[in-house]
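Worksheet: one structure, shown below.
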Amino acid sequence: MMKRREFIASASALALGTLAAPTIARAQGTSLKVGTYGGYFEESFKKHIYPDFTAATGIEVDSIAEPTGEAWLVQLQQAARAGQAPADVSMMAQVARIRGERAGLWAELDRGAMTNVDNLPEHFVHAYEDGRFYGTGAVAWYIALVTNTDVYPEAPESWAALWDPANENSLGLLALASNSFLLEITATTHFGGTDILATEEGVLEVMNKLAEVKPNVRLWYRDEGQFQQALETGEIPMGQYYHDVTGLAAADGKPVRSTFPKEGAVLDSGSWVVSKASDALEASQVFIDYMSQPEIQSKLSRFVGTAPTIPRDMTDLTDEEFAAVSSDLPPILPRYELYVDKADWVNQKWSEIVTG
Amino acid sequence: MSGLRQKPTPGWLPFLPAAWLVVFFLVPFAIMLTVSVAHRVQGGFYEPGFEFDSYMRFFSVFFGRILLTSVLISVGAAVICVLLAFPFTLGLARMNKRGQTLVLVILLSVLSLSEVIIGFSLSTLLSKTAGIGNLFAALGVTEESRAYTPSLFALMAGMCYLALPYSVLVLYPPVSRLDPELGEAARMMGASPFQAFRTITVPMLRKPMMGALILVFVFTLGIYLLPQVLGQPQHWTLSVHITDQAIFQSNLPFAAAMAVFLLLVSLAMVGLSLLLGRDKGGGA
Amino acid sequence: MTELSLRSITKRFGRMTAVEDVTLDIPDGTFVCLLGPSGCGKTTLLRLLAGLEVPSQGQVIVAGEDQTNVPSEEREFGMVFQSLALFPHLSVAENIAYPLTIRGRPKADVRARVEELLDLVQLSGLGDRRVHQLSGGQRQRVAIARGLTIDPKVFLLDEPLSALDANLREHMQVELRQLQQRLGVTTIVVTHDQKEALTMADMVIVMNEGRVQQIGSPMEIYRDPANAFVAGFIGTSNLLPCTLNDDRSIEVFGHRFEADAEDRIKGDPGSGLMLSVRPEDVRTEAQGTGPTAKVIFIRDLGESIQFVLDRDGHEITALYAPSARPDIRLDDEVGVSFAPGKRVVFPA
């Protein structure tokens, strides 16, 4: 089973990271240290991407497995204070990226030296408020509406299926506001877009709408594996899940399907950023620039299963290859700032209204 | 006296437990206390400070209910575990030595199973598609298979499975030391087997039972995975919320404040039960 | 009337036979000691009487009724266990009251009975104490009082005094005997201490290897042991190989002497026999009148003088009162005689 985002495992990593970091200080060598989420991502990059990168640029890559969640951010932060960079380039989740941005943790990059960055859409080009460029989208994936094909012979067309009384006690949804993006899904499905989430009143209104799905929810999951297994057996026949992983399971013969609802699927992503303590800035820029090339993005889609961060027409993906990882429908873009600026408030209200 | 007097243990040995207590309990606890009053930086992490905001956030009806849920679930698990472990241990103590060793080894091997394995095994076992529901349906007990998880029952089953070996291991030594002549004496004096059990065996094992209750209570209070896997949102204990705050929200001050409070509550419960279970005039 | 009878009782634990084919009758009001070495089955026999064990074969009959399968709690017996089995979580008074409280007797009656019993065992005023606050002798009394609470039909005691030191034990033996005589309750005490058995009992049952060896009064057991085991186990006996002639004369170490009418001959002429004589019935004389032996050890025991003699590797012990001490020394060769009427001959 493919488990890319091991939330539970990161618990211990966080505790260690908080108390014992920085410990991953290494001698700054000639190679570039690149951090990706430990497990599937790190292995795939080591296998499919780094060797070609080294061949093309002559820069050796020292691959580092990072914990997901906030733990890596904390480690980078504490290491930077000591002038250390456990990794030069890191793949960061969006909330962590924004937190790092607020803390001024990311090194400014020279966009002029990175021509391929122009390929990326605006939401994958990250800059400080004053315009200083510091990072790009690295990989993207969709959270889509998934169903068990034995239980649902017809694919649902809309996220509205979550609210359908016919689906009582049969949904598996992610347990937290900040990783399920159910607020964005609800806002798009019932309130015409995510703009309503700009105010607290709007967020509460959306939450109350979302709370209506509670009778349908069998499992609020934090661990992916738990839901995937239940989905495959039909135990929990509907829910939100990763589009690519579901596609792989279906290709494996499992009775599951992933659907892009007409409102769009949630596009979540990880981004490349460089620690300000890194002394391999140039090599880092070369790496990020390299990763933004259409052929590399196509390769990622084929071998790692991520959605390309560049427009489809720049890639050479076939329809089938493209459909396996993405969709032409406009995606639902998460409002990450909500989970940075109002994190505690959203979390508290979420606990009270939605899962409480 | 001939020769030097040899001390069997070095003189510093008694200080070792104290040192360990300091290193492994007091220091982490001090760190936790410090973090709990630190300043939470929204959208960042936390910075050193001295404020009670995290504690204030905790004092709400919402978290009060969660605390109550946590305590009730743990008390329930403790009572169920001891009720199951007590007769089990009495039976165990009556087996021959080989049988006892075998059972104890099996129990110890159960301890090696992690919360994760137990949680996921039970959620499969109690599922609609692959669980005992099918068996019941096949036997005609129920019309069609159904899921028994997530539910309070599933959560309790998981917690008790996890904690039962501990309660047996706490009860086993005093139960096996219990003089069988005491029960026989009661029988000779006219007590039926049940009366002998009620008036002699149970009161004499009150302290170990109290110990097992406290152990299971404190142990289950810290379980944070099973409620997520086997319970519904209303069964998510304080430990689950602490995990959420620490890992997913990066709100370590709040997580620490809740942990401090959880610690205080469990200490209070232990103190209360010791007070209630105190022997009236000194024990055996 | 609480007559107690065992009919062909056998008790096996797995392949081990603890008690084998025991038949005996105990009259009402008798003080009985079950005596034997450890592992002889005496405790098992007591537990069979108590109903704590069910016999593999045979019957237990109490006052004419078959009680073989009646559970302990319905037999109305009192029992003192070897460990005493006092309840540590109860006070002295609560321990003594236990048989009555378990029967749901009114509180006032219970209190009165407990006072009476505390008085009986001289523990008045100690009712509120905990068991662990008492001395060994006091605990003993509590256990005895507790066994007597319901006026038991039969009072059973398993090695009740074994944990006490010698002085206290002798004192308690007397007290127990006096108590039993006052109450007249049929009492059965298990002991491995022959002296204890002989001082307390009306009737001694000697057991060995699961079988009853002899039943009789202390005097009978002492003076007229049924076999070599009893002779050896009760007191000290000189056991010497002997032959019996058709004319009832006994030959020991080649010396022949006539048997007295009082002497007990339990063997047949021609078979291998043993002569048993108590040390106080062995006399030394001038050489020539009986078998000779060499003095190998002399010991002053205070109340008596002990001479140990050797003849062909057989030890012969003689006891003299200090006033009657004969003038013999270590390594002397002396003649030996055995007091007429005190000689017992039985199969080896």
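Note that the chains take the letters A, B and C in the order they are written out, and that residue 1 is the start of every chain.
To be clear about the criterion, a contact is a pair of C-beta atoms (placed from the backbone, for glycine too) under 8 Å apart; a residue touches a chain by one contact, two chains touch by 3 or more.
It should be emphasised that the depicted structure is a prediction, and the values quoted were computed from it without experimental measurement.
Of all chains displayed, B has the C-alpha centre closest to the centre of the whole protein C-alpha set.
Of all chain pairs in this entry, the one linked by the most C-beta contacts is A-B.
Relative to chain B, the chain whose mean Cα position lies farthest away is C.
Averaged Cα coordinates give chain A a centre that lies 90 Å from the centre of chain C.
Annotation: 55 Å between the Cα-based centres of chain B and chain C. One simple way to say how far apart two chains are is to compare their mean CA positions; for chain A and chain B this gives 37 Å. Contacts from chain A toward chain B in the complex involve residues 7-8, 10-11, 14-15, 18-19, 69-70, 73-74, 77, 98-99, 102-103, 175-176, 178-179, 218-223, 225-226, 229-230, 233-235, 340-344, 347-348, 351-352, 355-356. Residue ranges of chain B in contact with chain C, taken from their complex: 179, 181-182, 184-192, 195, 199-200, 203-204, 206, 279, 281-284. Those residues of chain C that touch chain B in the complex are listed here as 50, 52, 71-79, 81-83, 85, 87-89, 91, 98-99, 102-103, 130-132, 146, 149-150.
Contacts from chain B toward chain A in the complex involve residues 31, 40, 42-45, 57, 62, 116, 120, 123-124, 127-130, 147, 150, 225, 228-229, 233-234, 236, 241, 243-252, 254.
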